[in-house]
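One structure follows; several queries about it will come next.
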Amino acid sequence: MNNYPALIVIAPLLAALFAGLAVWIEDRLSYYIAILGLAVSSFSALKVLIQVIESGTIQYKMAGWDAPVGIEYRIDLLNAMVLLLISGIALFNLIASYKNVEQEISDRKGSFYTIYLLFVTGLLGVTATGDLFNLYVLIEITSLTSYAMVALSDKDRGPLASLNYIFIGVIGASFYLLGVGYLYMKTGSLNMMDVADIIASQHDSSTVLVGFILCMIGVWIKMALFPMHVWLPNAYSYSPVAFSRVVAPLMTKVMVYVMIRLMITVFGFEYIFNTLHLSEAVVWLATIAVLAGGVLALAQDNLKKILAYIIVCEIGYMVGGAWLGNQSGMTGAILHLLNDALMTFALFLGLGNMVYMLGKVKLNNLQGLFSRMPWTMTGFVVAAFSIVGVPPTCGFFSKWYLISGAFEAGAYHFAAALIISSLICAILFFKVFEICFFQSSPDLQGQGHGHKFQVMAEAPVSMLIVSNLVSFSLIVVGVFSGTIVKTIILPFLQGI
Amino acid sequence: MGMTDIIPLIVAKYNYWLFVVLMMIGLYAMIAKNNLIKKLVGMNIFQTAIILFYVSIGYKSGATLPIIQNVHEGHGHAAIHAADYINPLPHVLMLTAIVVSVATFGVAMALAVKIYQRYHTLEEDELRMRLSEK
Amino acid sequence: MPWQIDMIVLFFVILCAVAAITVKDLLSTAILFGAYSFMMCLLWAVMGAVDVAFTEASVGAGVSTVFFVAAVFRTSRRTKD
Amino acid sequence: MNTILSIKPLLAVLVSLLVIPVLVSSSDRPNVRESWIFIAGTITLLIVLSMLPVILDGNQLALTLFEIAPGASIAFRVDGLGMLFAIVAASLYIVTSIYSIGYMRGLKEHGQTRFVSFFALAISATIGAAFSANLLTLYMFYEILSLATYPLVTHHQDTKSMISGRRYLIFILGTSIGLVLPAMIYCYHVTGTLEFSTAGIFSDQLSKPAATVLLLMFVFGFAKAGIMPFHSWLPAAMVAPTPVSALLHAVAVVKVGVFSIIRVMTGIFGVELLSTYNLGVVVMCIASFTILVGSCIALSQDELKRRLAYSTISQLSYIIFGVALLSPQGLLGGIIHIVMHAFGKITLFFCAGAIFVATGKKYVSQMSGLGKKMPFTFTAFFIGALCVIGLPPSGGFYSKWNLILGTLEAEQSIFMLVLLVSSFLNAFYFLPIVYKGFFEKSNEEDENMPVKIREANLCLVIPLIISAIISIVLFFYPTVFVNLIKVGLAI
Amino acid sequence: MKFFGFVVVCLVGGLLLYGTADFPDWGDPDSPASTHLSDIYIEHAFEQTQVPNIVTAILADYRGFDTMFETAVIFCAGLACFLLLRDFKERKERFYRHVPTGVILHVKNSKKALRVGRDFEHIDKDWIPSDLIIKTVCRILIPFIQIYALYVVAHGDFSPGGGFQGGVIFGSSLILLAISYDLKILVRRIKEKVLGICAAAGVLVYVGIAAICMPMGKSFLDYSALEMFVFDPHHVRALGMLGVEIGVGIAVAAVMAIIYINIVSEGRHDEGL
C-alpha cells in the first residue's frame, strides 16, 4: 500500500500534536519535531510528484472507501507540484525562522510551532483533497491558524486586523460552503469528479450557476482579489514575520490553486467558457486588480505593506491568466502560481532578515542597507527583479506565457495591465533600493580611507543561506521553466 | 397563477427562502453594525443560516431519523429501505460546520476581549478614532 | 411533517435573530442569541436532524452563550446599535 | 554554411561572470583583484578570437541552453555580426580595465570592488547580447545589462547620481518593458518563433500598419540606442566615473542598443520585408532627426563629457541610419561604424577622464593650453576626433564613405545631405577643443596653479594611446570587420 | 456603511433566491441530494460498520477524515485562545475577605500574593459569588452532567450524540463549576497543563488510531486494519469509531474549558466569572 499521499498531510498534523504535547516539556523540542514533520512531508511530496510524473494520477482512498462514498485524495500533476511547493517552502521557512521566533515570540515558541504546523497541514490538505467539503474544513484550519497568528503581535494593531480578517474570512468560507451546498442540492455528491460527471448534464440549471458564482466569490475573497482584498495587507503585515513568510507566499497561491481546480476539474472549461460568458468580465476584474494592487503599493511607506499589496497585484495576474480561456493563459497562471510563491517567499525571507536586524521596516529605516546587509540584499534584489519580470528570473517567464495568452485571447487590456504593473513594481523596488543605496543610516558608521562607511551588520548565517538559496532557485526555476511546462503543466492541461 | 398554485409553491420552497432571509440578516449585521460583538452575532446568524440550508436539503418527507431501527442482537435484521430514512449526509457535514463555527466564535471572542483590553471600546467608529489619534 | 409548525418556529427564529442584532444591551443580545440558537435547534429537530439539533443545543445555546457572557463580562455591555 | 555545436560562446559569457566571486573574495587585496580582471578580460578576448577563423569561413557556432517554450529558447549563436561586436567589446574591455585601475585609484574612489564586479557583469551581458541566437536571449542580456550598469552609473551614491540613475532607469527599463516586451511577445504570438534569420521570421502575417507600429516599438524600445526622444538618459548618465562612461556609453550599453535594433531589423523583420513596406525611410527619418539635433546640442555643451554624450547620440543614429538604408553599402557602412565609433569615442572619453584626473577640469572652456602640458592626451584626442568626424586617416572615414555610397545606392541622395551637414557640425564641436588645447594660452596658468600640470599616470595614458593607434590602424586594415559583416548578412 | 451593507445584502440575497428557482421541492424524496449518495449510506452503513446511527457511521468512518480535521480545528481554537490571551503576569490589585467578619481588604501594588491564613480568603475583584443555593444545586448537578456526558460519548453509536456533543457537555460541567463557585476552584482542580495535554492528546488519540492503520497495511483511517487489537473483529469498525469518539470527547472538553478560562480571566487564570 502506497501511503505517501496521506503521509504528506498527516506528518505535519502528527508533528503538530506532538509539538503541542512537547510544549509542556521543553519548547525547543517542538522545533525539532516540527522540522522532522515537515521533512517527512516534503520527502513524501517529492516521492508522490515523481510517481505522478511516471505513472499518472494517484488516487488514495481515505478509510478504504471508494470515491463518492468516502473521501479520496486525488493527486495529479498539478497538485503534486503544489504540494511539493508548499511543504518545501514551509520546511525552508522553518529552518530560517528559528532566530526570528526566538526574538519575536520567545515565551510561546512551542505553541507557535504547533499553530504553524497546523497551518501547513491545512494548506497541504486543501491541495491534496478531491472532496469539496473536506476542502472547506481544511480551509477553515488554515484560516483559524492565520487569525491566531495575525493577532499575535502585541505591539501593533494586530488583534483588530485579525478580527476584521475573521469577518471577511468567514464570509469567504461561508460563501464557498453555500456554493457547495447549491451543488450538492443538484448532484447529491461531494466528490469533485463525481460532481463534475453529474453537472455535465445540468449546464442550464440556475442552481449550478449560482453555486459556481458563490464558490468563486468565496475563493476570491480568500485569495484577496482586488475589491475583496481589504483584509490582506493588514493581516499579513501584522503577523509575526516567521509566519507572514509562509502565509504570504502560500495562502493566496493555494486559493488560486483551488480556483483552478474548481474551474478545471469540477465545472470544466466547456461550462465556464462556452456556456457562461463571464470570462471577459473576470479578466477585466483581474486587470483592475493588477493595476489597483500596484497603485496601492506605491502609496505605502512600510516595506511589509508594500509587499502585501504586491501580492494583491500578483493575484490579478493569476486570476486573469486562468480566465483567459486558452492554454497559454492557463499555463501562465499555473506557472506563475509556482513562481510567485517562490518570489514572494524570497522577498519575505529578505524582509525577515531585515526585521530581525532592524526591528522596523518602514522605508526610512532601510538606509544604507546595501552596505549593512549585502547578502540579504543580494537575495532581495534578485527576488525583486523576478517580481518586475527581468529574465532569466522566473517571474519573466510566467509573465511571458500570461501576455501571450492575453494576445491569443485578444485581451489587450490585460496584457497592458501586466506590463504597466511590471513598470510599477520596478518603480516600487527602485524606490526602496534608492533608500538602501544612496542614504546612509546615521548609526552604524565607521571611519576609514577618508570615507565614511557603514559597518556590516548581517543577519545570522542560517537565515542568509536560506534566503540566498531561495533567490538562486528563482533563476534555476526560471531557466528550467520550459522543462516544468513540458513535464508538468502541459501534460496536466492536455489530460483534462 | 391562482391561489391554489401559490400555496404548494410556498410550501415547497419557503424553507429555502427563509434561509436566504436569515442569511441576509446575518450578513447585514456583519457589514453594517458598529459594535464588534454585534458583528460576531451577525456572523453566527450567517453561519447558522447556512446550516439551516443544508439541513433543509437533507429533509425527506415521509422519512424518519437516520438511525436504523429494529436492530436486533445478532443476525437477520429487516431489509433497509432508503426511502424510510432522512438523508444523513448533510447532518454530518453540518456537525463539522457547527464545530468550525464555535471554534471561530471562541477565537473571535478572545480577540474582542483583547481589543477591549487595549482600546477600552468595541465600537468600530471609536476604534477608528483611537487609531487615527496615534 | 406538518409544515405549519415548521413555519411558526421559523418565524420565531427570525424574530430572535432580528432582536439579537437590534437590542442595545449586549447581555440581552447574549440571551436572545441563546434563544435564537435554541429555536434553531428545535427547527432542526423537527426536520429530523437530531444529531445537529443536539449539537446546536449544547454548543449554540450552551457553550457559545457562556463564551458570550464571559466576553461581555470582560468587556462592556454598552453598545451604540 | 554550417552550424557547429560549440560551447565557446557560453564560455565567453561565463568567464567574466565567474570571475565576480573571485573579485569579491579578494576585495581587500586590490592588486590581486585587478590582476584577476585583467586575466578574465584576456581569456574572454582569446575565446572570442579563437572563434574568428571558423566564422570567417562562413560557419556559425550555436548552443541551445534552455528551451522556454517551443520556438523561444535561451540560446547562443555566433555569426559575423555578433562576432564583430564581441571582438570590439572584449578588446576594449581589457583596455578599459587597465584604464579604470588608474582612474579609480587616482581619484581614491570608494567601493572599488563593487565597481569592478558590476563592470564584469556588464561585460558578460554585452558578450551575451552579441552572441544571442534569438530575440528572447537578446532581451534577457539587454535587461541584465541595464540593471548591472545602474550601480555603475550611480557609483558616487550622492543626490546627483541618484537623480541621474532614476532617469536612466525610467528610460531604459521603461522602454524595454513597456515597448520591447509586448512587441516581442506579439512577434512570438504571430509567428511562434523568435530566432534571428536573414530572411526574417514573418512571412505574410503582418500588414503594413502593424509592421510599422511593431518596428517603431522596437526602435524606440531599445532606448539604449539613444534615438530621440528617448535619449536624455545618456547625458544624465555622465555623472558616472569616466571608465564607465567610456566603456559603457561608447561601447557596451549604447552599442547593445544599436546592435539590438540591427538584429531586429535584419533578423526579425528581414531586409526584404522592410523594403517591401518601405519602412527603411521611416527609420531613416527618425535617425536623421537624431543625428542633426544631437550634433546641434553637442555644439552648445560646455562640459566635455556631456558634449561627448550628445556626440554619441548623434553618432549612434549614423549606424541605424546606415542599416535603414537597406542597401549593401549602407548596411556595411552602418555596421562598421559600430567598430569605428567605438574606438574613436572611447579614445575621446579616455582623454576626458585623463584630463579630469590630472587637472580636475571638466569644462571645455577651461582647457586652454593644456595640450602643451599633456601632449599625448591631446594628440590622442585629436585622432579620436578625426575618427568621429570621419576624416582620413582614421577608421571613421571608412564608415562614412560607405554610408554616403549607401545613400547613393539606395537612391536616397537627400539623406546624403544629412551626413554632410552633420559631419560639419562634428568638426565644429571637436576641433575647437584641440585648437584650444594646443594653441591658446591658458590665462590662469601662472598665478593660480600651485601644482604643475603634467600627463596623468601611465595606467591612464597607455590605454588611450592604444585606442588612438587602433583607430588609425582601422583605416588601413578594416578587412576583417568588413568580411565579418559580409559573412553575417550574406551580402 | 449601512447603505453599502444593504446593497450587498440585497445583491447576495437576490443571487441566492435566483438559485433557489431550480431547487427541487423541500422534502422531495426524489431530489438528487436524497437519492445519490444518501441511499448508499442508508442501505449499507449498518451492514458495513455495525453502527445503527448512520450519522455517526458517516461522521467517524466514511467521512472520518473530515472529522479528524474538525477536531484539529477545535484544538487549534483552544491553542489560539491560549496564545492570544494567556498572560503570565499576576494582577497587582487584590481583594481579601476576612471570613469571620466579612471585612474586605483591598491590596494595591502587591508583588506577590499574600499568604492567606485560615481567616482570610482571596476573593475576586469584580465578582463575588456566594449564593448558597446555586452552589449546592450545582454541586449535586455536576456529577450527573458529567456522567451524562460520558453516556453521550459512549452511546454515540446508537443514539444521537457522540464525542463532540459529549465533550461539550463535559466541558460545560467544568464551566458550571467555575461559574457557581469561582474560577480559582476550577483552575486549582484542573491544572492548565492537564488541559493543554488533554487537548493535544485527545486529537492525538484520533490521529493515532487512524495512523496505526497505515503500517498495518491498510489505508489511513481504515479501521479494519485494527482487527488484531480488538476482542470482537466483527465490530472492529464500531470499536474504532468509539475510540476516536473518545479522543474527540477529551479534546473538546479540554478546549472548551481552555477557551472559557482564558476569556473570562483575560488570560490570567486567577479571577473571573
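Going by the order they are written in, the chains are A, B, C, D and E; count residues from 1 in each one.
Assume a contact is a pair of C-beta atoms (placed from the backbone, for glycine too) under 8 Å apart; a residue touches a chain by one contact, two chains touch by 3 or more.
Owing to the predicted nature of the structure, the values given are computational and were not obtained by experimental measurement.
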Item to check | Required minimum of steps from subunit A to subunit C, each step between chains that touch | outcome: 2
Next on the checklist: Moving step by step between touching chains, how few steps can get you from subunit C to subunit D?
Outcome noted: 3
Next on the checklist: Which chain has its C-alpha centroid farthest away from the centroid of subunit D?
Outcome noted: C
Next on the checklist: Counting C-beta pairs in contact, which chain pair has more, C-E or B-C?
Outcome noted: B-C
Checklist entry - Measuring from the mean C-alpha position of subunit A to the mean C-alpha position of subunit E, what distance in angstrom results? => result 32
Checklist entry - Taking each chain's centre as the mean position of its Cα atoms, how many Å separate subunit A from subunit D? => result 43
Checklist entry - If you average the CA atoms of subunit B and of subunit D, how many Å lie between those two points? => result 71
Item to check | Where subunit A touches two or more other chains at once, by residue number | outcome: 133, 137, 140, 144, 147-148, 151, 159, 178, 184-185, 190
Checklist outcome for this item: Flagged in subunit D as touching 2+ other chains are none
Next on the checklist: Can you list every residue of subunit B that touches 2 or more other chains, as numbers and ranges?
Outcome noted: 11, 14-15, 21, 27, 56-61, 63, 65-67, 89-93, 95-96, 99-100, 102-104, 106-107, 109, 111-114
Checklist entry - Looking at the whole structure, which two-chain pairs count as touching? => result A-B, A-D, A-E, B-C, B-E, C-E
Checklist outcome for this item: Touching subunit A in the complex, subunit B uses residues 27, 30, 36, 39, 43, 46-47, 50, 53-54, 57, 89-90, 93, 96-97, 100, 103-104, 107-108, 111-112, 114-115, 118-119, 127, 131
Item to check | subunit E-touching residues of subunit B, taken from the complex the two chains share | outcome: 11-17, 20-21, 23-24, 27-28, 31-32, 56-63, 65-69, 71, 77, 80, 82-85, 87-93, 95-96, 99-100, 102-104, 106-107, 109-111, 113-114, 117
Checklist entry - In the complex of these two chains, what residues of subunit A are touching subunit D? => result 385, 388-392, 396-397, 400-401, 403-404, 407-408, 415-416, 419-420, 422-423, 426, 430, 434, 437-438, 449-451, 453, 479-483, 485-486
Next on the checklist: Show me the residue ranges of subunit A that touch subunit E in the complex, using the header's touch definition.
Outcome noted: 1, 3, 6-7, 10, 13-14, 16-18, 20-21, 23-24, 60-65, 68-71, 107-108, 111-112, 114-115, 118, 121-122, 125, 131, 133-134, 137-138, 140-141, 144-145, 147-148, 151-152, 159, 178, 182, 184-190, 198, 205-211, 213-214
Checklist entry - Which residues, counting only subunit C, touch subunit B once they are in their complex? => result 1, 3, 6-7, 10, 13-14, 17-18, 20-21, 26, 29, 33, 36-37, 40, 43-44, 47-52, 55-56, 59-60, 63-64, 67-68, 70-72, 74-76, 79-81
